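For reference, chains read A, B, C and D in written order, and residue numbers begin at 1 within each chain.
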Amino acid sequence: MRLRPAAAATVVLAVALWFVPEFADGFPIFYLLFAYNVFFWIAQASSWNLFTGSSGYFSFGQGAYYGVGVYTVGVLVAKRGWPLLPTFVVAGILGALLGLFIGLIVFRLRKLRGEIFALMTLAVAFVMGAVARVSSTIDGGQGIPLSGVELPQALGDFPAMIFRLGLIVATLAVLAAQVLHHSRLGWGLFAIRDDEAVAENLGVPTFRFKMMALGISAFLASLSGAVHSLQISYVTIEDVFNIRVPLLVILMSILGGTRHWMGPVVGALVVYTLNDRLNAAGLQDVSDLIVGGLLIFMIVAVKEGLYLRARQRPLRAAIGFAVGIGPPIVLGLTDSAITVMAYGLLGAVLLLMLPVTAPVEEAVPVHG
Amino acid sequence: MSLLSQAVVSGVLAGGLYAMMSLGMSLSWGVLKVINLAQFSFILLSAYFTYQLTVSLGIDPFLSILVCVPLFGLAGMALQWVFNRIRISEFESLLFTFGLFIILESLAATVWTADFRRLSTEQNPYVSESIWIGSIALPVPQLAAFVAAILVAFGVRHLLRNTHFGRAVRALAQDRDVAVAFGVDNGKVSMQLAGLAAGFSALAGVFIAMSRAIFPGLAVEWFGIVFSVVILGGLGSTLGTLIAAVIIGVVGAVATVWGGPPMAPLAVFLVLIATLLFRPEGILGAARRDT
Amino acid sequence: MADLYFDDVTKRFGGVQALAGVSGQVEQGEIVGLVGPNGSGKSTLINLLSGYLEAEGGKITFGGEDITDRPAHRIIEMGIARTYQIPRPFGTMTALENVSLPLMFGTARHDPGRARSEAQQWLEFTGLERHADTPVAGLNLHQLKYLELARALATRPRLLFLDEVLSGLNPTEITQSIEMVRRIHADGITIVIVEHLVRVVTELATRIVVLDRGRVIAEGEPTTVMRDPEVVVAYLGTRGRHA
Amino acid sequence: MNIHRARRRPTGSLTGAIALLAVLALVLAACGGDGTADTTAAASPGTTTDGGTETTAGGTETSTGGEEAAGDPIVIGSTLALSGPLAPTAAIHKVAGDLFVEQLNANGGLLGRPVEWVVLDDESVADQAASLYERLITEDQVDLIMGPYGTGAITAAMQVAERYGYLMAQHTGSLTYAFNYGCQFPAWPTGRYPNVTNPELVFDALEATGNPPETMAFVINQFPGTMFVAYGYPDSGDAQDAQGAVSIAQERGYDVVLDVQFPLTIDDWGPIAAQVRDADPDFVYLGGLGVDAPNLIAAMDALDYQPAGMFVQWPAPGPVLGAGESAEGVLSVTAFEAHPPFTDDPENAQIAATFEEAATEAGITYAEMETQASASWAAWQTLVAAVEGAGTLDNEAACDYLVNNTIETIFGETSYGTEENNYYGDLSYVKQVQDGDWWVVYPEEFAAPDHAIEYSPEG
């Protein structure tokens, strides 16, 4: 398959970003950590959407794959002293195996669809936590401190390292989503999403395709979880196997738009940035009101997702962003680039939320 | 032996509470196609209201039912009105109500602080009281919840089977468009049902306040158990919900006694998975129709 | 030599015996009309023969190969395609994308780009070229039925099942559609057509098979078959039942 | 989702609301824009030209006592679990911190400059805490940091602090084996081996009654801290870490008739209560925290069962008392209680009194100063003592000062800088519920006036 412009752009961007840490004196190191977190959520959201967005099988299982990744590092590296980088790959593979195992059961043994499939994945996530709790080889309630873990020096000091690791995983996830989006696999999945029986009857190997997508998705989610364990630095069941990750991932993908690979990327950037700035904006008691409120309004007002909406209304997005960054620049609150960006995104989002008047059919074809 | 039987009984009663907490979610998801996380907020807030009424008015906690149930019933209806208005899809509703959940939790934290709130034994004598059957103790709050759950489950079952409202609801549950085509007033019926669902959650909240300490972060801890009950019982099946909750309560209790408390969640979730595999539509079979 | 051959195929849904051992064959180049009252098993038979459903009993061979237990997505490679009574397009795709999909699978296995360009010609064949980039939600029933045809033809079938392509169309549309079927047949594609409008079938088909309650009750040259008393009873009887 | 339906929905009516939300959001974001989160700052960071006298004197009271702090505020950053499961206890640390900073500023501030405390919400999640500390240090560039609350958050924050060489005083981190950062200063006097010293203390107390229990039941919350005290942490490779309450009990010849663990979140206490009743021990050792104690007590009450004696590791004190009669005689450990001899020192008495006011005002149900609040207070005293002692905001210097000097905290003479991860000894005392309130009852010399431990296996 030839390299498409989008993919090329992604690779170029990734390579460029790779060297950002070299100029770390020019900006607060926190930017690297912030960027890492955005990468993390991009990887998670993209991996979720890779399967669910394409196939229409709604999964709550993200927490399970993520957790497998985190605990693989916790157990093998912190407890057994395995080297870090190889373990990442192992974590990804274990996650993929879990995904394929689930797939085998729900797609072959039983043909579960819709809600039942969603509930099944939710149940699996619960079980993973329960298993970690009873098994003292995994956790057993003690939790696992990762303070002693040997970090690879090759990638630079911690901020640079985790930034680069996150960058790699996010790039992989986005590339995977792009390739899928334009491949026979992708089209097969889109067909499955629209009408699985007809797709099968037209020659789409539905079972194999669903398994492939699930495997890739789980691999990426678990890999990204493994990297994230370094950020957590102290792994506990409550922190890892909670409902937070799956809910946020679903949230980001749907807000950004599940129909295009850019959707989860946009969703992750917007949600994480606003969440970070609002939650840290002090007045904690009201910041939650805003996060919740924004969420509600976005769901109501931008059903097709921010990305597609922005593509129909690029002007709105641009104006919104400009208006957004206005106040802080006027008020001279430019000491934090992230805050300024947050204003921009907020402005863009709010403007995009205004009702669309012109017919949406004008929308550029979603796929292709 | 007495240990096991006592454990089983307390499991059954705990099941009553789980059922009470899950009925609203099950109806909302199964019939209205709204995955309503706000049900958890209703439970939490109702518990706080119960706490507040009992402490500041010095009334019997049971009396707060008279306030909480109608109050949250109305809240539920209002919310459903919005959902109908914006024609929300199933998974959009999940996110919408997640936002609501966040908001309501932080409101609770603002009003009652993040600190624990627990009715003292004087204010709430029931917490340590039991009704005895031979050597078996039936703790009052759980017992009350259990009885309430049975009444509600069968009440709703009767309602749905033998009333015009019920037929309308079942019609909607099976195929909304067809039902509407046949003249069912989706808006009215769904709001009524949403009101009921929210009322049930409020009722659960009262029993929660009577049986344990509450704090804003508590609500999210209920996700596991409630979703398990809802799944096991079959979406929208009230009787299924009740039975599922009891099964889960008992399985958890027995696992606790035999394998230790950490075994309880594992046992419960394994039962859950087995059910999904072999009775995907829930223990009572075709849940939607059974409602 | 019989191209499609099926022997004693059975299917039941719950308690209902949809097909109670149906046998028959379809010769190369035929247009077989499959008729019968509602619930007689016409669509079920098509679903089995096109691999959409799995038969419980019996044997199906095509071009001498046993395809009874072959997974649906491999049947298409054999050169069997079908349309649906109620059109089932891929709802989130444009007309062109709908037709290009089968071209990426089955025997063609083109990459998406090539598939699109080839799909275009099938849209032209069915006169939908102007709607290539219209999301299917923007098409009317007549166009959707043609889209079904285009999608099926894109798989380059040797045998094509048409499940009530005419139902719901107005007289002019019906005439056009019949014309279309003739053209397809003229391209050397064997056709099995399920149709309610007996007039049309007798006019189109080279041979007619009559199903009733999951059984073949008559078969043969159209005009003679339609005069067969049992057939008449079955029809009138059903009409009565349905009135 | 059907794009074509989407557009026909009536969203217009929402516009107003959205616009309003927009304004609100922008305003709020503006508050956070410059990083000034929920802060406690001097009433008026001295607009008067630099009048504050620099000081290099050690100790907690700044030598400029009374004088108005002046100059640019010194910013101290930290996170707390202001929401999530750990929020109930974190709320206490918020009150303590606010009060301490307020008093500090009233007494001439730090190095003569006013102090501003920036506290962010880590939502009880470790990785949140990590990135927030990262932000406080490298983006907001706070001068100093204070530890968060909750084992996970503390561990995560400590890694960040170590990365940038920030001194980290922390209140209640209990993974004593994991905290090997030389500039972390645990104010809570648990000692390096609470898994040994804590149980020893409790068992000594029981034996001091002359009528100790013979059978014991252990009911342990699967929370890292309580697990550590109950079973130790063998993986650390340190022999002493491998011990724990259970093994020590067995060494002492108690008959362990029940040993169960339970998940952090538990819905049904009935079966556990039934198990305890079934084992009918002379003494129940509940390795629990928060509201585990009242929940278990209520469940046992419901079975009409009251054990002869019961100990609970780290309870939320209020709810335990809420259990009324049944809570009488329950034992726990504490580092400070608002009664003599702890309040003999007038300054401590003063602190305890003002804290109670502040806590009551903040709506904390149990407003008296005890372990959590005092540990929090000591942590702040530690930080201030370090900076004042070193006479500079340089974290390294401040750290050295603490390692090499003895300072004064609410717990008395405190010398960190031990070989044992700066844990300076276990200053825990046994407290007991008597007549509806907590009293320290052991060791005698710290017992509240005319209070002594009450226990007998006969109940």
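By our rule, a residue touches a chain if its C-beta (ideal position, glycine included) is under 8 Å from a C-beta of that chain, and two chains touch if they have at least 3 such contacts.
Only a predicted model underlies this, so the values are computations on that prediction, with no experimental measurement involved.
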Lowest number of touching-chain links that must be crossed from chain A to chain D: 1
Remotest chain, chain C as reference, centres from CA atoms: D
Two chains sharing the most contacts, counting C-beta pairs only: A-D
Centre-to-centre distance between chain C and chain A (centres being mean Cα positions), rounded to whole Å: 44
Inter-centroid spacing, chain B versus chain A (mean Cα positions, whole Å): 32
Rounded Å distance, chain C centre to chain D centre (Cα mean): 74
Centroid spacing, where centroids are CA-atom means, of chain B and chain C in whole angstrom: 50
Set of chain B residues in contact with two or more other chains: 86, 92, 105-106, 109, 262, 265
Residue list for chain A, restricted to those that touch at least two other chains: 133, 141, 259, 284, 286, 288, 293-294, 300, 303, 361
Residue numbers of chain C (touch at least two other chains): 91, 135
Residues of chain D touching chain B in the complex: 1, 5, 9-11, 82-88, 90-91, 124, 222, 260-263, 265-268, 270-275, 277-278, 290-291, 294-295, 297-299, 301-304, 316, 318-319, 321-326, 362-365
Chain A-facing residues of chain D, complex: 1, 3-4, 6-7, 9, 11-12, 14-15, 17-19, 21-22, 24-26, 28-39, 82-83, 85, 118, 120-121, 123, 125-127, 130-132, 134-135, 137-139, 141, 151-152, 155-156, 158-159, 163, 175, 178, 180, 222-224, 227-228, 233, 235, 261, 263-265
Residues of chain A defined as touching chain B within the complex: 58, 105, 109-110, 112, 115-116, 119-120, 122-124, 126-127, 129-131, 133-134, 141, 242-243, 247, 250-251, 254-255, 284-286, 288-289, 291-296, 299-300, 303
Footprint of chain A on chain B - complex, ascending: 29, 86, 88, 90-92, 94-96, 98-103, 105-107, 109-110, 220, 223-224, 227-228, 231, 235, 259, 262-263, 265-266, 268-270, 272-273, 276-277, 280-281
Interfacial residue positions of chain C with respect to chain A in the complex: 50-52, 71-77, 82, 84, 88-94, 97, 101-102, 104-106, 109, 111-112, 116, 133, 135, 138, 151, 155
